[in-house]
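For clarity, chains are labelled A, B, C and D in written order, and residue numbers in each chain start from 1.
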Amino acid sequence: MIKSGIFGASGYTGFEVVKILDHHPQVSISFAASSSSAGRRLTELYPAGPEVMLVDPATASLDEVDVVFLCLPHGAAAPWAVAALEAGVRVIDLSADFRLKNGGTYARWYGQEHTAPQLLPEAVYGLTESARQALPQARLVANPGCYPTSILLALQPVIRAGAADGTIIADSKSGVSGAGRTPKQGSHFVEVAGNFSPYLIGQAHRHLPEIEQSLKEWHGDPPQLIFSPHLLPVPRGILSTIYVPLVGGWSVEALWEIYAITYPGEPFVRLLPVGEVATLTHAVYTNRCVIGLTVAADTLILTSAIDNLLKGAAGQAVQNMNLMFGLDETAGLVANIG
Amino acid sequence: MIKSGIFGASGYTGFEVVKILDHHPQVSISFAASSSSAGRRLTELYPAGPEVMLVDPATASLDEVDVVFLCLPHGAAAPWAVAALEAGVRVIDLSADFRLKNGGTYARWYGQEHTAPQLLPEAVYGLTESARQALPQARLVANPGCYPTSILLALQPVIRAGAADGTIIADSKSGVSGAGRTPKQGSHFVEVAGNFSPYLIGQAHRHLPEIEQSLKEWHGDPPQLIFSPHLLPVPRGILSTIYVPLVGGWSVEALWEIYAITYPGEPFVRLLPVGEVATLTHAVYTNRCVIGLTVAADTLILTSAIDNLLKGAAGQAVQNMNLMFGLDETAGLVANIG
Amino acid sequence: MIKSGIFGASGYTGFEVVKILDHHPQVSISFAASSSSAGRRLTELYPAGPEVMLVDPATASLDEVDVVFLCLPHGAAAPWAVAALEAGVRVIDLSADFRLKNGGTYARWYGQEHTAPQLLPEAVYGLTESARQALPQARLVANPGCYPTSILLALQPVIRAGAADGTIIADSKSGVSGAGRTPKQGSHFVEVAGNFSPYLIGQAHRHLPEIEQSLKEWHGDPPQLIFSPHLLPVPRGILSTIYVPLVGGWSVEALWEIYAITYPGEPFVRLLPVGEVATLTHAVYTNRCVIGLTVAADTLILTSAIDNLLKGAAGQAVQNMNLMFGLDETAGLVANIG
Amino acid sequence: MIKSGIFGASGYTGFEVVKILDHHPQVSISFAASSSSAGRRLTELYPAGPEVMLVDPATASLDEVDVVFLCLPHGAAAPWAVAALEAGVRVIDLSADFRLKNGGTYARWYGQEHTAPQLLPEAVYGLTESARQALPQARLVANPGCYPTSILLALQPVIRAGAADGTIIADSKSGVSGAGRTPKQGSHFVEVAGNFSPYLIGQAHRHLPEIEQSLKEWHGDPPQLIFSPHLLPVPRGILSTIYVPLVGGWSVEALWEIYAITYPGEPFVRLLPVGEVATLTHAVYTNRCVIGLTVAADTLILTSAIDNLLKGAAGQAVQNMNLMFGLDETAGLVANIG
């Protein structure tokens, strides 16, 4: 039995990790820590959740666990990663702290110096379907952002194939849980219901450099990217509609083959038949990324759907953990209800 | 042209008052004050709203207005009412500060001593359809709470007729704007969407004494009341389902006649044919209270729908203002869009 | 491995049965039949669902299954129940066809003669927590309606204790999936979103006689019942707020003890601490019925929440199947995601 | 007083026309016709609507009106347009029947021969802000589609300025009322709530040729267009996010000036300050098109919001009527509630 600890267990992402691990056949939860809600039962926050007591992170004993999940704001995760690694505990960080290889880029986008830059080289960027080989040995996994997961899984095959030519546009739409559990004006029910709003469109959102970094890994001269997030009036789910100008000569069928070859037998990538489109319903409450391909006007139009809290966060984190510890990749991740 | 000022113009209720007055043919807005958003344009908060600058309440000049609307939290309204009356300005208070005639009851339910108890006797409880005679002379109008408006307009006829016998149950359901604009965990989109929750059920909600006070006015020995509010996943609207045990011998048709006689030609009360039920759609975005009557098992079942921000707050406030100043009761209150 | 067949697999309830059984460790699906969608894959209707082919019910072989689930409209289920029982197959009927013991009552409420009245005496009304003893031998289980499940589980202890006195009022609110998958004006998104509507209030809804029948089983002289359903703008979940006038002398604590004794160790009944209220979030996407108790004005106020498609239909059906076949009662019913 | 008639008054668009005209100071409604709901009161369908009786279109007398609004499906509108014009009645057609100048294009996209091609040349495409000069003399106005209105008003200035270079991408999101009032699987509340779905993306939607036709009017060699509609889980509103590759040298400020010059003093176009984005809340329940400009990676990113039923249909139709009859352009179109 693998022993796990969760930091930040009271947030939406932390709660999902707890919920999955609570039923995971080969993992036990040693502690679920929350600085804001220490001493409360998790069911006070999430009435249908498992009966778990939230503890003060200061009292969480790293000695008794094999792995920790850091579901903390950026900046807050890095010190815990350092402490855990020192204690010989493997780390899956769901914050942005170890996603960018370049500390300077991190500082520019996140407005603060990185406090553990020495760990950046070894951190494995945990887009599972692209990182599978590195995961078994990884001590520190940087779990991808939710938007990047939906965009990168959709772009990987076409970028690697060198079929993209010209500026890519990712028009993404996310449910409100992506903005976190802390109440803000922008997450007030009355402001969100019946509304739909773009924000930080163009090249202004922090997930942009993370996406660009992977594109660069996959192609020496990757296309430019415009990334426009929008807030959807739904609790969860991301749908990205991605426009990729094509170099001449690619048919949608040929592209589809590339996708099929890139993701053969992937348990959590579902490639739709040519011309079908992904919707939130395809993916919400699952750990799947569902991808559809259409071509029009020499442009590949990808629709890519995930559950932002599962494949976009907690689900992918457990998927990564499964591979880090040599377990069945799908363990704990296949729902029977919901 | 009647000159008006609004305090608390940045909240949901204050904004609705501004929106209505902005198009009112006989009223101008001299100032719209907000302590939290002074110096900002109203459209920064409500992008489709009128182009009005929010001013600091300290700079709002009472000398230049004929009437003020107090859209403030309870406790904060009373001092402004005192100041306005001293300046010869008539007051429509949308807070709870002047609704209860008994200062002790106020202190018990609102947890603080009343700071202007000397004004309680003269304050007119502005349930328009019950207060019409007092309004033209009123200096100070206490605008009813949203739940009480939906419940009292539905109960008035049957209570006055002495047809009620036994404990009345008001099972009310309200949209989220009733909880105000300040973000709280309970108004977070993710917590509200897909959910439905009772709160303060039984005899625990502050609107209870306000309802009981009116029932006592209408009948020497009024029935007991159980009042159970619930939070609906909609932005606006209240529907109250009210169960009134009947003294023997009342048919639904006879009751319906009593209702028709009580509200003859009322522009903002709509009595549905026997057996039809009110829904939110009947009332939302209107200043109407829509009432349906059904009888089963010797019990009158009333369904009563209002828009909590209009007939339940800002709309009724303007309706009261119209009567206070001798204007057409419907002026400014009949929509052409929306 | 128990072999199962589902009739009506394309509806919301049928789909939930398929989804649960698809992951059930001791049950396999031999066929999923749908007359309207025969020949289509289930994922064409429910994109995230399991990969199951829908077959024509005429081709479904009763010889190869141990149990069938009838997720059909009332009237359509009875003939399949007859055929299945004749083939030696046990039947769990999710329609209303075998819920009422009295064929005349059935005819009156459902507007048609019962076609298999000879089976009514042996049918077990499958409110699991009340039917546990009869289930192991049952050939034919009548799965309760969704509203009755939420109301009866909440009422059982207080009724059996003889503590109720006077007319009970059940003010129930249901999500839209309760009205079925066939598109109607009343389930159109634009009509439902932002709305909230009572319907068939008083003593007019078909679930009334089903509730009354159980009350009569539990008490020789049961109280009258008023039952008022409302349509909530959410996809799933039922919350019933139930008002029970009490005979003198009952405290909420004493009542709570009765409830605790009635449901000791029940895996799918959760009794909240005194004064807490149930909400949809407590129950949705689980097989639980969550019950809260409050007392005010000599009235017990129960709040009772279920997922209408799970504990209110498919979940309870599988729970019943588990007990019929001697399996762990919770098998297949504990989610790890969602 | 101008006398008007509405055909198709029971649909969402027709109802909005009735609602606006019911309060229009210079227009009266002579008849509101509906073939599906003749003989019913409009409030049976829309409980908060005006008290108007729906008549059989066969009994609607064209002799008594000055103008008709055709809120009918494509194909059904053309014959009524012919009849009305013959009776000397001016026509505002909200269907697609007279939007495309080329009958062959119409036949290709709408799958049927045009039945009144002789009227195509004289029909004025009623994108008000582009058609103002032609409207006073127009006998027949083809009211633009909802998506085209949101896209064309946003594109007009940049296209006329010749600043666009390369394929334009319009990623549009619409509320469900855009799909009409007839219940379909795709408009079922349970299918829509919590979901978000692309459909007919690329170059497959019937609104594409209508947009292309206007682009060609505005520029001799217009860019290609990709148009991807998505269904939003909201009742009303369209937001289009539009990506326009720029010819070199255009700053966002210079573009903004072009927009300001194109729409000077327009009552129903609101240009946001540079960098601000339009949201549904900016436009819903108003007749405004709200436009925001951002530039990134040599691409102009436009956000354009309208209410699909108002500026995208009924509101623009009345705006056109006002100009056709020499009335104040805003008459009837400025809300005081809602």
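What we mean here is this: a contact is a pair of C-beta atoms (placed from the backbone, for glycine too) under 8 Å apart; a residue touches a chain by one contact, two chains touch by 3 or more.
If you're wondering where the values come from, they're calculated on a predicted model, not measured in any experiment.
Asks: By CA centroid distance, what chain is farthest from chain D?
Replies: C
Asks: Would you say B-D or A-D is joined by more C-beta pairs in contact?
Replies: Result of the comparison of A-D and B-D: A-D.
Asks: Could you state the distance in Å from the CA-based centre of chain A to that of chain D?
Replies: Each chain's C-alpha centroid was found; their separation is 39 Å.
Asks: Chain B to chain D: how many Å between their CA centres?
Replies: 37
Asks: For chain B, what residues touch not just one other chain but two or more?
Replies: Counting only residues that touch two or more other chains, chain B contributes 193-194, 233-236, 279, 281, 284.
Asks: Can you list the residues on chain B that touch chain D in the complex?
Replies: Of all residues in chain B, those touching chain D are 19-20, 22-24, 46-48, 193-194, 279, 281-288, 290, 310, 315, 332-338.
Asks: For chain A, which residues are in contact with chain D within the complex?
Replies: Contact set of chain A toward chain D: 166-167, 169, 171, 173, 191, 193-199, 201-204, 224-226, 228, 230, 232-237, 239, 241, 243, 245, 277-281, 284, 294-299, 301, 303.
Asks: Using the touch definition from the top, list the residues of chain A that touch chain B in their complex.
Replies: Spelled out, the residues of chain A in touch with chain B are 12, 176-177, 181, 183-185, 187-190, 192-194, 233-236.
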